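For reference, the structure discussed in these notes is given below.
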Amino acid sequence: MSEKKTVSIVGGSGYAGGEFLRLALGHPLLEVKQVTSRRMVGDPVSLVHPNLRGRTNLKFVDPAGLEPCDILVLSMPHGVAAREFEKYAGLAPIILDLSADFRLKDLGLYKKYYGEDHPRPDLLNRWVYGNPELYREALKTANHIACCGCNATATLLGLYPLVKEGLLVDGPIFATVMISTSAAGAEPSLASHHPERAGSIRAYKPTGHRHTAEIRENLPGHPQVHLTAVATDRVRGILMTAQTFLRADLTEKDVWSAYRKVYGAEPFIRMVKLKKGIHRYPDPGVVEGTNYCDVGFELEEDTGRLVVISAIDNLVKGTAGHAIQSLNVRMGWPETTGLEFAGLHP
Amino acid sequence: MSEKKTVSIVGGSGYAGGEFLRLALGHPLLEVKQVTSRRMVGDPVSLVHPNLRGRTNLKFVDPAGLEPCDILVLSMPHGVAAREFEKYAGLAPIILDLSADFRLKDLGLYKKYYGEDHPRPDLLNRWVYGNPELYREALKTANHIACCGCNATATLLGLYPLVKEGLLVDGPIFATVMISTSAAGAEPSLASHHPERAGSIRAYKPTGHRHTAEIRENLPGHPQVHLTAVATDRVRGILMTAQTFLRADLTEKDVWSAYRKVYGAEPFIRMVKLKKGIHRYPDPGVVEGTNYCDVGFELEEDTGRLVVISAIDNLVKGTAGHAIQSLNVRMGWPETTGLEFAGLHP
Amino acid sequence: MSEKKTVSIVGGSGYAGGEFLRLALGHPLLEVKQVTSRRMVGDPVSLVHPNLRGRTNLKFVDPAGLEPCDILVLSMPHGVAAREFEKYAGLAPIILDLSADFRLKDLGLYKKYYGEDHPRPDLLNRWVYGNPELYREALKTANHIACCGCNATATLLGLYPLVKEGLLVDGPIFATVMISTSAAGAEPSLASHHPERAGSIRAYKPTGHRHTAEIRENLPGHPQVHLTAVATDRVRGILMTAQTFLRADLTEKDVWSAYRKVYGAEPFIRMVKLKKGIHRYPDPGVVEGTNYCDVGFELEEDTGRLVVISAIDNLVKGTAGHAIQSLNVRMGWPETTGLEFAGLHP
Amino acid sequence: MSEKKTVSIVGGSGYAGGEFLRLALGHPLLEVKQVTSRRMVGDPVSLVHPNLRGRTNLKFVDPAGLEPCDILVLSMPHGVAAREFEKYAGLAPIILDLSADFRLKDLGLYKKYYGEDHPRPDLLNRWVYGNPELYREALKTANHIACCGCNATATLLGLYPLVKEGLLVDGPIFATVMISTSAAGAEPSLASHHPERAGSIRAYKPTGHRHTAEIRENLPGHPQVHLTAVATDRVRGILMTAQTFLRADLTEKDVWSAYRKVYGAEPFIRMVKLKKGIHRYPDPGVVEGTNYCDVGFELEEDTGRLVVISAIDNLVKGTAGHAIQSLNVRMGWPETTGLEFAGLHP
């Protein structure tokens, strides 16, 4: 049995940090050392993460009091990790960043989608994109892991085998992500005020979603993927549907083959395409709390239109679970360690 | 046909003021003159009340720019109407206040439940409690109407006939109100942050709810009603259940008789107690958007326990609709004018 | 003032028939004469439509007992209206059918999407598609009105001006409809069993949705519109997003011009595209209970991708409200009669 | 390390059986041998329990094909386990029944609440009520465990220490349980049809709830507990509030002492009564998926009214988790084995 490694979390009062904390507390090879929050110094972490009552006596500490540890997880607002990187770089040999700061290599894409020049282009090359399905080999030796965006994960994992194996007609791919309210974070706002948001189906980002950049950069050949984001009133979860066309010489069997070839050994990807029952396609309700990405598709025979469907929990496979999985790869631990929860039904 | 009366709303960007505005715009005998909001001066009212798009071109004005009108509606945070009464008193011959400031006559109850002495006890006697079912006669000549609280309305209308007709055993009455998220108002807060509130069933005020005071003051004989408030994730609506004991010499028929005697001619109270179907008791989903208070009950034969059930929409019958109904009574208009919406199903 | 016309509803225990009944009861120029239900003969209509308690004393009658009336509304399962048309044809000079039986003229499209030959092609020519925005002139003299499908309405009203005015690049249009649970009707099923459906985002019809046929037939030039239907857990409402490309020589102003030109005088279409606030685009929550179709769009400048967004209440503008509007056109009544409800917020 | 024990589930297609299956699959000392379903013989269990995709290849078998095993779990409709007990009695030395058939000792209470004489009173004495907090000692040697009802569990665990320690004034205790839709089972019905149930707050059993019998029988001294059940639209979870009076000579400290004394060493009971934050009292959202029962209270100083609040997941602590916990006690395994999930937030 490996020895436990210590992990500390910078920015642990939000949803991403809290989810990493939950998973780390249940991980047999991790020991949570410190969790920071500027606003809540001295409060038990369970005050804002009530599911952790009775699970830990940890209290929030000030970031200034961070001590060296084996693994440091950064969960801060956009831009902070890049601007303050020197503060944290020396604290741990392995650093995971949950923000978007170090995900992109293409500075032009960064500027286009984030509206400014990247503050620290010199740092980008040392980071590996935290997506084990695409970058498992690189992750095995990565000391800096830029964990991927939730909508990007759902879209990439749905499309990757089809693009990689060259199954799609050239041309635009239209992806629609139906997302949930936890994605906007733990800070109250009018957009997330319950009476305004409950029951809402809100086209909150029809164009220009930042995760588009991650998707394009990480798909082979950089196809023109368009992203439309619609906010639902689920608390957790993403359903992604992508519309494109299959090459005219191919059939449904070829689609199956591509997925099997690329994902055959993946521990967290399940192909879901049933002929009966009510759960025939991926559904975020089914994967809530789990690290699964369920993937399915439907082919319209007469037109060749291919609809790809994927579902994840944005806070697990979309954020903290994917981070744990990347970390397991990095540490040489079994990849599913600490990610065993099967999800609930109903 | 009567001539239209002008009405202005002080504090029209919140949910109570917005709901009064919606009803007033659809009322054939009211003409909305001005709507105030300090923060949104110059913005169209439809910016925060998107249901009113295409229904009105009104823009928010500063309270300082209020002009005289026939009817003034005050919809301000607790305490403001009492403290600033002189600002508004001269603007209109008829004033309705949607806050709790002028509801109580008993200064002791006010202090107990609001934690301070009433700022303007001298004003209290001129106000009539805006509950037509209990105070219709007084409302006919009332120039100052203190509109009643939403939980108080649900509880009072459920219990009033039983108390008035002396059907209950002396002793405590335990009322539980299951309320909705709009009751906390339009201002974002952590408690109403969607990810925290969605799916929540939260015992937010097990004891000490302020509406207890209104309920006790307005029930004949002032029985000891205890109120426990539980927050659900409905956006609108209240379900009230009250538990008490029927006098041992009485039967279900006597309960029916009391309700019929007191409510037989009420336009907005429906007795709901069916023997079949799935809608056998009052349900806030059924009365959403309407001015109805549905009332039902169940009697446990062997113990005499009586469970009273009522349901309202907190923003309509619980606030703005009740206010319009009171105003209709005051003006001598048909009591249902502007309150005809039947509600939706499903 | 016109004289009231009598209307009877065949199949009034379901959601579509019930919604027509609700609107007809509130319509000043309609008098509901009979409502049929085979299973519920003798039961009050309010048993299954609890919002109508206190609004009507109507009881369900057997279809065999139908008497002549001015207007007959058919609300029956797919295929019944066509197969049993002779039963009803003589009962009223004006007939509205809420089913899909008489919507299509193209027998090939019917066979493709409904899987069988049309049972009564001889009847098709007498029916006018019940969409006032597209067929107002024809509806003025129509005695047989085939009311349009809910998803078709949302999609058609979003795309029609752009297609009619020739603003779009040739090529496929990808429409995604996010629909609600009432669309599946009043009959319990596993797919609509609350524990299975609540919180679900279900890709229930990625390809092959029947409303595709209506959409293609009624758009000028019959563009290749692809429809993907995703089921949410809203009870009412549709959000439609369509992705396509604007012609390279055009700008956002041209899009605005097309919508204004075609919809400038429409009483139930609101353009929604704001620069601030949280309600910047159409949202089904805002139009619930109303006959509005809110339409908005967003243009991605660098690629010309145009995302069109529309929102309706599937039971009102998508079914019964659209039917009432068509009937108002037919009768020469003001088009908004009986459809004045503004909707609720929050 | 103990050797694994085999467990089979009779009636595994429903929610209770499915939840036991999920927990058993994740239990390191259990090996699931067979799962029966009459209707689904040969179908993979993941067809109806989609969360188990990739977790098990088990297929449903016919009950007639059941083989001997170490532990048999009966999850059948009311009355079947009692009537068919001989079929199953010989298959395993340890039997757990998830139904209500063997919970009560008092035949009078059974008849009163279930409306008929108990079919097999001769069997009752061999069963131990599966509530480890109340009957841990007896469970250590129990070969027949009658798992307790979900509403009974929430109510019993909230009230037990107060009654046991004699803190309450004699007199009625009014308990209100706010329950969820999974409690009605996996079979579609009109009451659980999504459009009818969503958003509903339904007083579905104001009096006469069957779990009242279990509560009274298992509280020391059999106080007069009244139960009112209200159905919410949560899928899982129960919030219980009970209203009663604390003895006049006691204070809040005594309430704390009683809970600490009785529950101090309980692994699955958490006292929740905070002075700040939004999670001050138990909330079913926080315990979803877990075996926790969170318990809190509030005391109204001037009247002595005590409001007790508890929250559980009806399918875990209310059914299958409580069963696993009882089984762990019986087998001498650590009591939390297989029940480690912390729950999600948000």
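As written, the chains take the letters A, B, C and D, and residue 1 is the first residue of each chain.
To be clear about the criterion, a contact is a pair of C-beta atoms (placed from the backbone, for glycine too) under 8 Å apart; a residue touches a chain by one contact, two chains touch by 3 or more.
None of the values given here were measured: they were computed from a predicted structure.
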item	value
Chain pair, A-C or A-B, that carries the greater number of C-beta contacts	A-C
Centroid-based (C-alpha) most distant chain relative to chain A	B
For chain B paired with chain C, centre-to-centre distance based on mean C-alpha positions, whole Å	35
Distance from chain C to chain A - Cα centre to Cα centre, in angstrom	38
Chain centre separation in whole Å, for chain B relative to chain A (CA means)	46
Per-residue overlap in chain D, given as positions that touch at least 2 other chains	15, 182, 186, 190, 195, 198-199, 235, 283, 346
Contacting residues of chain D [partner chain B, same complex]	172, 174, 176, 178, 190-191, 195-196, 198-204, 206-208, 224, 226, 228, 230, 232, 234, 237, 239, 241, 243, 278, 281-285, 296-300, 303, 305, 307, 309, 311, 346
Of chain A, residues touching chain B in the complex	15, 181-182, 186-190, 192-195, 197-199, 233, 235
Chain B - residues contacting chain C, complex	15, 18, 22, 25-26, 47-55, 181-182, 186, 235-236, 270, 272, 274, 276-277, 279, 283, 286, 288-290, 292, 294, 340-346
